[in-house]
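Both complexes shown next keep subunit A, but they swap its partner, so subunit B is in the first and subunit C is in the second.
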Partner chain A sequence: MRLEVGKIFINDIRFGESTHVENGVLYVNEKELIDLFIEDDRIKSAKIELAKPGESVRITPVKDVLEPRVKVSGSGTNFPGVVGNKVKQVGEGRTHVLSGAAVVTVGKIVGFQEGIVDMSGIGAEYTPFSKTLNICVVIEPEEGIESHAYEAAAREAGLIVTNFIGEAARNLEPDEIEVFETKGIIEQAKMYPDLPRIGYVCMLQSQGLLHDTYVYGVDAKKIIPTLMNPTEFMDGAVISGNCVASCDKIPTYLHQNDPIIEELFEKHGKELNFMGVIITNENVFLADKERCSDGVAKLARLMDLDGVLITEEGYGNPDTDLMMNCKKVEQNGIKTVLVTDEFPGRDGKSESLADAVKEADALVSCGQGNIVITMPPMDKVIGTLEDIETMIGGYDGSLKEDGSIEAEIQIIISATSAFGCNKLTARMH
Partner chain B sequence: MRVEMTIITNNPLVNQARYKNVAKVFVETGNIQGVLLRTRDFIHKGHKLLSHPLSGSLKPNENPYKSIIISSNADGLEFDHLIMIEKGIETTEKFFRGKELPKYKPATDHDFMVIDKSIVESGLKNNGGA
Partner chain C sequence: MSKLKVVHYINNFFAGIGGEEKADIPPREMQGFVGPGMALDKSFGDEAEIIATVVCGDSYYAENLEKAEADLLEMIKKYDADLFISGPAFNAGRYGVACGAIAKAVEEKLGIPSVTAMYEENPGVDMFKKDLYIMTTGNSAADMRKAVKKLGAFALKLANGDEIGTPEDEGYHVRGIRTNYFHEKRGAKRAVEMMLKKVNNLPYATEYEMPDFGNVTPMPAIMDLSDKKIALVTSGGVVPTDNPDRIESSSATKYGIYDISEYDSMPADKFTTIHGGYDRTYALQDINRVVPLDVMRDLEKEGVIGELADYYIATTGTGTSVGNARGFGEEYSKKLLADGVQAVIVTST
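And then the complex of A and B:
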């Protein structure tokens, strides 16, 4: 599969008469965007706000972050199986990206699972979304509506708005074109016979309400491990429907721009032979964990891999999936490297993961989520500070009178994401 | 009624719900540790652990509610399951050492119940229950 990704660099966002791009500026029209989803009877009201890097702005509670893209050629649409109900294979042809812009869905779903994006100050250092030009879709649910119905409404609104904005890129000339290509397994293996054949096992959060991920519109808890072409992710085949602890969260944006996939492509044909991606889930039943980790090991063997990278989403129970995947893949003679974050307590002295196996002897740490920082007050809040103290990472007294927040960094969106999108790591003492 | 699974829970919403072929043990405890300890008793008696004790990706010192699914039959100690529940208890103690469970307002408390219930039900649905 071959995908051309054409990036149109966006260097500013502004409100305008219509949604379009002019000289690198993305204009959005508030009414136009809200009209796309406001008829949904699960949503009471909505507004659009803009946040730019460096501004004294705090966005919270953040549900998801998405990147506006459009398929220019090749089958399917962006976010296949979810928006427009076009379940067509994606990952081939050409896709245009409004690079630098992001859609951020904001609103309280349950009182503890969404997080913070600060656009300046120390908090901004911990999240990749302080560097994007953010179009915030702030949604208020209809009263009395159940959390899962509202989560679905907010998720769909985010996808619809993102695709609508992405359309603005359709007829533009990209500033940069990148080409990503992998072949069928046999052809790919023959292409670089002297390089190690490397696969990527991407574990998707899939435990239940607000802990779900969707693949071509299918709830990931109902899949058995399957093989994906890396370019399918770039066209939005995998979307986030979850609000796990903010720091671990893999928002849709990171599935579209998976740093592990990008890095593997960077080294493809030079240091390694990137053979493809195996997706699997993180279900609550031990029987599911056995079944799916068996499936991961089987696929890794069928692909005749020499090594795999494994990432997880979340903490606790997914650590068991991570270790089962590691152990079974290693038992097939295939080397593994795990990528995860850590929760060793505030003093950093406790065991970092809830599970471990002796085969897990190579691990990349994306930092520890229990570190406490104080984020300065911001001039403007997009959303509400109402739930700061009950959010994961917050506590009684987290929100100070002056508006500053003292909290564990796990309150910040993607601060310790196991996709390695941030700057944190671990040091041996 | 053929009871194949038993839910050990401190979540009133789960306790009130009706699931086919599922028995329930309600543990009156304000944090998840009590549920884990009671589950350990059952594992010692030979029941099998069916769901992961740390399901939910919510840290034990943040989440007041827990529901764990075990087999209703007791047919011999499964050592791996004992290790898993012991690790769960150890992890929970580790988190409580750093920070106690906050007192949540009723709406947030209810949200935690809803999430726990949803996680249990997603497991049951995928495995022939509910």
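And then the complex of A and C:
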């Protein structure tokens, strides 16, 4: 499968009469965007706010971050199988991206696990979304609404708004075009017979109950491991529906721009042969863990891989999935590198993971999430600071009178993301 | 700028007060530097000075741990020091343990940055490396000159609150503390590079060695519960509605003990869960789903269990460090034992 990704570089966002792009500036119209979803009974009111890198702005509680894209040619639409989009195979043809812009869904807490994006100050150093031009969809849920319904409403609003904005890229001339292609297994293997065949096992958060991911609209709890073409992610086949601890949350944006896929393609055909992606889940039942880790190892073997990278979303319980995947893949003679983050306590003295196997001898750390930092007050808050002290990483006394926040960095969106999107790491002192 | 005030700890031998036969002398204090303190003081230049030296015999310290520590702290406290240094102890075992113990006590109880130095095989290293920076030294006092120079320079950094580098860069024993830093390359790039090395059988260094959690041997099963006192313990974050102990929704540093003696079932208006790691919807509908008081009361009435303890114990499991969890367990199990509890049911979420 072959996908051309055409990037239109966006260097500013502004409100305008309509949603369109002009000279690298993305204009959005608040009413136009809100009208897309406001008839939803679950939503009481909504507004759109803009946040740019370097501004004294704090966005919280952030639920998801998405990138506006549009399918220009090839079958399907961006985010297939959800919000009324037809379930059509994606990953081929051409896709346009409004690169540099992002849609951020914000609104009062669903379940403790949403986080913070600071656009400046020390907090901004930890999140990739302090560098994007953010169109914030701030949602006020209907009173008394059940939390699952609220989560779904916010998620769907984000997807609808993102795709609407993405349409603005349809007829634009991209500033840059990249081509990504993966052949059928046999042909792909023959293409670079002397290079190691490398795969990528992407573990999707699926602990359930506000910890979900959707694949072509299917709840990832209900999948068994399957093979994906890397380009399918670029067309939004996998979306986040979760409120997992915000530091290691994989927002939809990171599925669309998976850094592991990017780095594998970077060396594809030169130092390695990138064969494809295996997705699996992180269910809470042991039987599911056994079934799916068996499935991962089997697919890796069927693809005749020499090595796989394995990423995790979340921590604690899914550490067991990570270790089971690692062990079983290694037992099949296939080498593994794990990418995850660490939670050794605020003093850094405890074990960093909840589970361990001896086969896990190659691990990349995306940092330890328990480190406490103090983020300065911001001039403007998009959303609310109401829930800071009960959000994961916050605690009694986290929110200071002057508006500064002292909290573990796990309160910051994607600060220790195990997709390896950041430079943060940990070492032994 | 005024000089930083330093208090130095050494044993009787280094203080020039006899040898082994005097190792039983109790703590005493002396003004200014003594023995190896002279070189240490010199290494500070104009930045700091040793204003007092406290001395204790190694045997005395080992045999009177609490008293020696209390007396020494009393002496050290009044100098209002900016920095505390003990040793270097090289490979002297009892001296190393004393250096570690007093430095830890000074740092924790007086809040003064503290550092010591000793040889890698000194038992004091393993005992105190998690608590302190312990600089590396050779195995004997022949290394004194080098050891003191390194110790002095590092101590100043510590007192000034400068950023501390890696064990290799600074020359301290690896403490086992996970610290963050920004790498020049993002994680995904490092992962692909590590994979290429591993798959090509080239040397690579993992960024985190797998921990050894150790094993807890389970107690033998209880065959008859009818005369046993049972308690409920949960990591499910169930607390009285106002969360009186302010237990965190993740990364708990506390646990709570809550009275349930007057209830036959967990009342939804009196208890809640503040756990941030799972969807609370179903727990909030019926708190018994996490703290199964209703069923336990039934079993109590039916005589299946002897009695249920008057309270349950709760913390939040998500993100809570193993160290904290271990500490909670060690602490509250004493209470459980003292209250005659013979078995606990631990519910997780």
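Here, the second predicted complex is superposed on the first by the 424 of 429 C-alpha atoms of A that agree within 3 Å, B and C clash if a C-alpha of one lies under 4 Å from a C-alpha of the other, contacts with A are read in each partner's own complex, and residues count from 1 in each chain.
Criterion: contacts are C-beta pairs under 8 Å (C-beta built on N, C-alpha and C of every residue); 3 or more make two chains touch, one makes a residue touch a chain.
Given the structure is predicted, the values throughout are model-derived calculations rather than measurements.
Visitor: When the two structures are superposed on subunit A, do subunit B and subunit C clash or fit side by side?
Guide: On the shared subunit A, the partners clash.
Visitor: Going by the contact rule set out at the top, does A:Pro318 touch subunit B (first), subunit C (second), both, or neither?
Guide: In the superposition, A:Pro318 contacts subunit B only.
Visitor: After the superposition on A, what does A:Asp248 contact: first (subunit B), second (subunit C), both or neither?
Guide: Touch partner of A:Asp248: subunit B, not subunit C.
Visitor: Check the residue A:Ile260 against both partner chains and state whether it touches subunit B (first), subunit C (second), both, or neither.
Guide: second
Visitor: Scan A:Asp396 for contacts with subunit B and subunit C and give back first, second, both or neither.
Guide: both
Visitor: Looking at A:Ser350, would you say it contacts subunit B, subunit C, both, or neither? Reply first, second, both or neither.
Guide: In the superposition, A:Ser350 touches subunit B and subunit C alike.
Visitor: When the two structures are overlaid on chain A, which partner does A:Asp288 contact: first (subunit B), second (subunit C), both, or neither?
Guide: Only subunit B; A:Asp288 stays clear of subunit C.
Visitor: Is subunit A touched at more residues by subunit B or by subunit C?
Guide: On the superposition, C touches more of the residues of subunit A.
Visitor: Report for A:Gly269: first if it touches subunit B alone, second if subunit C alone, otherwise both or neither.
Guide: neither
Visitor: Of the two partner chains, subunit B (first) and subunit C (second), which one does A:Lys335 touch, if any: first, second, both, or neither?
Guide: Touch partner of A:Lys335: subunit C, not subunit B.
Visitor: Quick check for you: in the superposed arrangement, does A:Lys221 touch first (subunit B), second (subunit C), both or neither?
Guide: In the superposed model, A:Lys221 contacts subunit B only, not subunit C.
Visitor: Identify which of the listed stretches of subunit C (8-16, 62-70 or 314-322) has C-alpha atoms clashing with subunit B after the superposition.
Guide: That would be 314-322, the one stretch with clashes.
Visitor: Can you pull the subunit A residues that subunit B and subunit C both touch?
Guide: Residues 111-113, 146-148, 207-211, 245, 315-316, 343, 345-347, 350-351, 370, 390, 392, 395-396 of subunit A touch both subunit B and subunit C.
Visitor: If we count contacts the way the header does, which residues on subunit A are in touch with subunit C in the complex?
Guide: 111-113, 125, 146-148, 196, 198, 207-211, 245, 259-260, 262-264, 266-267, 271-272, 306-307, 309, 315-316, 335, 337, 339, 342-353, 356-358, 360-371, 390-396, 408-410, 418-429
Visitor: Could you please specify the touching residues of subunit B with respect to subunit A in the complex?
Guide: 49-59, 62, 69, 81, 84, 87-88, 90-91, 94-95, 97-99, 102-105, 107-108, 111-112, 114-115, 118-123, 126-127
Visitor: Hey, which residues of subunit A end up touching subunit B in the complex?
Guide: Going by the criterion above, the answer is residues 110-113, 146-148, 205, 207-211, 221-222, 244-245, 248, 283-289, 314-320, 343, 345-347, 350-351, 354-355, 370, 387, 389-390, 392, 395-396.
Visitor: Which residues of subunit C touch subunit A in their complex?
Guide: For subunit C paired with subunit A, touching residues are 130, 164, 166-167, 174-192, 194-196, 198-200, 204, 206-208, 210-213, 246, 248-251, 253, 274, 276-282, 317-319, 321-324.
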